[in-house]
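Encoded as structure tokens, the structure appears first; notes follow it.
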Amino acid sequence: MINVLLFAQLKDELGKETLSIEGNGMSVAQLKGKMKVDFQLEGLETVMTAVNEEFADDDTILSDGDTVAFIPPVSGG
Amino acid sequence: MINVLLFAQLKDELGKETLSIEGNGMSVAQLKGKMKVDFQLEGLETVMTAVNEEFADDDTILSDGDTVAFIPPVSGG
Amino acid sequence: MNYNISKEPIVIQEVIDKVVSRNAGAVTTFIGTVREMTKGKKTLFLIYEAYVPMAIKKLEQIGSEIKERWPDAETAITHRVGKLEITDIAVVIAVSTPHRNDAYEANRYAIERIKEIVPIWKKNTGKMGRHG
Amino acid sequence: MNYNISKEPIVIQEVIDKVVSRNAGAVTTFIGTVREMTKGKKTLFLIYEAYVPMAIKKLEQIGSEIKERWPDAETAITHRVGKLEITDIAVVIAVSTPHRNDAYEANRYAIERIKEIVPIWKKNTGKMGRHG
């Protein structure tokens, strides 16, 4: 299972901040596609992704136990 | 009388920080010349001068009661 | 512990204390506070949310980037999360260097990078137009 | 009382408090401290001397110059005089503005002007070469 973390507007949109998703062997892009279909999450293609707390691109392949965080545009400071 | 204030190396050189000098009607340049002769103060031509706490140039005419401060290069901050 | 995400109010002096050293002649701090008016709209309060472990890593990365560019610089950053009222402090960045120009430059670099790569989000729940 | 010459240690927070406001989103501070090594020579302590009434006027003038260039800026400056040990604070400059770039620029302007026009002198009585 892949641990998925949602923040900011994505968290509000889905109404939860963590999910467990079957995704061993998937790419980040495939996971985004699956989540779009399963949860009708808007704008997922344009957000940054972190895998295990480091930014990762859409080609990154996921393994069971990975933590994937979707990072909408940041606004700290 | 003109009140003269000395700071930093000028104060150390002369060994005092205030002087009263007859100088009514003198220019700042003339006062500097007089102090150079009377006290052998070096480098007085190159320091800035303040009259009554505002920077003044060598042509400024002094009157009794004025306070003249010689301001060596500043090094605050 | 120079890079922190805090739920508690930030004490500026504590962040500064982390970077003061015998070889630092200059310390700059940047203090980001919650401003009441933005583009004619009034903010009542803000809620800051962070992906905490990654945010700390990214703050540490900014510190490493500064060290590469300004080897003599010491940096400390604390960012607050939770509900912040007007004038509350959201972030404090302290940078010390031997000479002052570097302290300004490195500090500014830090805030720009925070706004690019640190996973922290500001939610403005209390914004209203001029007439409410 | 935003512009001061002080014989007592400077409390950074007190200087910052003078410039925090509801419309300030950014506060920058510059803290000048006594550095141990300068060009390979060791400082033991410094003595700062000021022409106090004129120094205060000139600090106020710097505040006016900042206000002309950055109308939304609030500035406070305290400079210490007397004997200062290594890491002691000689000067604190705090500037608040609505947006951060101005806070950095105006702060930097202030320290540059202090070094030009404020009658304060640093006497290094304890400087020695590397071998004493």
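Letters A, B, C and D mark the chains in the order given here, with residues in each chain numbered from 1 onward.
Throughout what follows, contacts are C-beta pairs under 8 Å (C-beta built on N, C-alpha and C of every residue); 3 or more make two chains touch, one makes a residue touch a chain.
Model, not experiment: these values are computed from the prediction.
The chain with its C-alpha centre at the largest distance from the centre of subunit D is A. For the pair subunit A and subunit D, the distance between mean C-alpha positions equals 48 Å. A straight line joining the Cα centres of subunit A and subunit C is 26 Å long.
Note on chain placement: the centre of subunit C and the centre of subunit D lie 22 Å apart, centres being C-alpha means. Residue positions of subunit A in touch with at least two other chains are not found.
Within subunit D, the positions touching two or more other chains are listed as 32, 111. Touching chain pairs in this entry, ordered by label, are A-C, B-D, C-D. For subunit C in complex with subunit D, the touching residues are 12-13, 16, 20-38, 86-87, 96, 98, 100, 103-104, 107-108, 111. Residues 32, 48-51, 53-55, 57, 79, 90-91, 111, 114-123 of subunit D are the ones touching subunit B in the complex.
Interface of subunit B with subunit D (complex): residues 5, 7-8, 50, 53-55, 69, 71-72, 74-77.
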